[in-house]
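Take a look at these structures.
Okay, so chain A shows up in both of these, paired with chain B first and chain C after.
Up next, the complex of A and B:
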């Protein structure tokens, strides 16, 4: 464990929320990905965040941070739409759109971005505090 | 003139400075296709060197990061590098402060008055 534990903890938060933003970027990039009716639709990506068990003993259980433990995938059925003009449409004129909502994705993006900024703010504060601690012995 | 502690601090400063250089290099190559982030390790070697009482023999090793790469084969993450840069800076400052302390003691023992 580092001698500046907050940096590792908040750093793990940065990583988690960066991965979350990556997933949202993936989702939004594929919001219009149309698949043929007999194939699976693009599945939305969901990041599962998990608290990391800390190896600190003083106090125990504090400062482990978080990590992106897994990626879950949305409904492969997607949303079936009637678009007879589409090259992918079957005889009934049906295609599959991903089962995602742009408003929902944007809300998640906002949450991920704010959480990322919060972790940065903690790192800033921690750096100031550590710097002052280093200079205690001074002059 | 330098005692063991000062030479240990110097070895640690050397290692930390090398780490700062490589972090700067990583950040400069954040978009270079195929570039793998470099990581510096010297702490374990410093521990071993101190057991022999010879911190000058500390080896500074650079390895490549094993993080997953992006589509262009690059695996530099700006946030990771920045956190590491802050941590390295703090540790550098801590070592400098310890070195100053050692010199302050030396200085005070040399001074005639007080």
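Up next, the complex of A and C:
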């Protein structure tokens, strides 16, 4: 509850995209995490964003931003590769790599970064607008 | 010479009388007087500033998880301060205007 609701709405967006960037950072950090064949591979993290309902805004249909509601996990099978020299390799020389694509992760990182910047831009504009409203007929 | 009181303005079609505060209509002292409004606004401002202060401490001690939490709270506090000061300035202006009135 605030007289400057845009700030909190955009703040929730910032948090959502920060969490998304965290998840992408985790994915990229584990892009080369190798697991033995009989264990699960590293699973890519997916953030599920959800719209937040808000009951104090005017008009009431306008929501209160977004939130990261859940984290979903990718394929635990991963990508099976033939690397007989690897210490984790089984008798057939197979190991598991995570089922992730670096290009895809970088694209997602770009999207998350741009979305974060957009929310920052909204906060900036809102602040300017509120300030101008306060200064109506002022000095 | 008797000066007649100012009567109600009639004959202005579409003119709606100004709404009177309910407390005034009920009679007695108005509860929501300007002083109370200002005190409430200042308390709200204090809460906003306390929030920003708490987050600043968190930022200094490394407990802050989201950078924007602090910056947004600080922006909100600055805006609320600006707003309260603006309201106060307008009120003082209006008071001075009334005081300058020639009777």
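In this text, the second predicted complex is superposed on the first by the 135 of 139 C-alpha atoms of A that agree within 3 Å, B and C clash if a C-alpha of one lies under 4 Å from a C-alpha of the other, contacts with A are read in each partner's own complex, and residues count from 1 in each chain.
Following the convention adopted for this analysis, a contact is a pair of C-beta atoms (placed from the backbone, for glycine too) under 8 Å apart; a residue touches a chain by one contact, two chains touch by 3 or more.
Worth saying up front: this structure is predicted, and the values here are computed from it rather than measured.
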Following the superposition defined at the top, how do chain B and chain C come out on chain A, clash or fit?
clash
Is A:127 contacted by the first partner chain B, the second partner chain C, both or neither?
both
Touched partner set for A:97, first chain B, second chain C, both or neither
neither
A:135 contacts which: chain B (first), chain C (second), both, neither?
both
Quick one: is A:18 in contact with chain B, with chain C, with both, or with neither? Answer first, second, both or neither.
both
Given the touch rule stated above, what does A:7 touch, chain B (first), chain C (second), both, or neither?
both
Where on chain A do chain B and chain C both make contact?
2-4, 7-8, 10-11, 14-15, 18, 123, 127, 130-131, 134-135, 138
Sites on chain A touched by chain B in the complex
2-4, 7-8, 10-11, 14-15, 18, 123, 127, 130-131, 134-135, 137-138
Going by the contact rule at the top, pick out the chain A residues touching chain C in the complex.
2-4, 7-8, 10-11, 14-15, 18, 120, 123, 127, 130-131, 134-135, 138
Could you please specify the touching residues of chain B with respect to chain A in the complex?
77, 79-80, 83, 86-87, 90-91, 93-94, 97, 101
So, in the complex, the side of chain C touching chain A is made of residues 66, 68-69, 72, 75-76, 79-80, 82-83, 86, 89
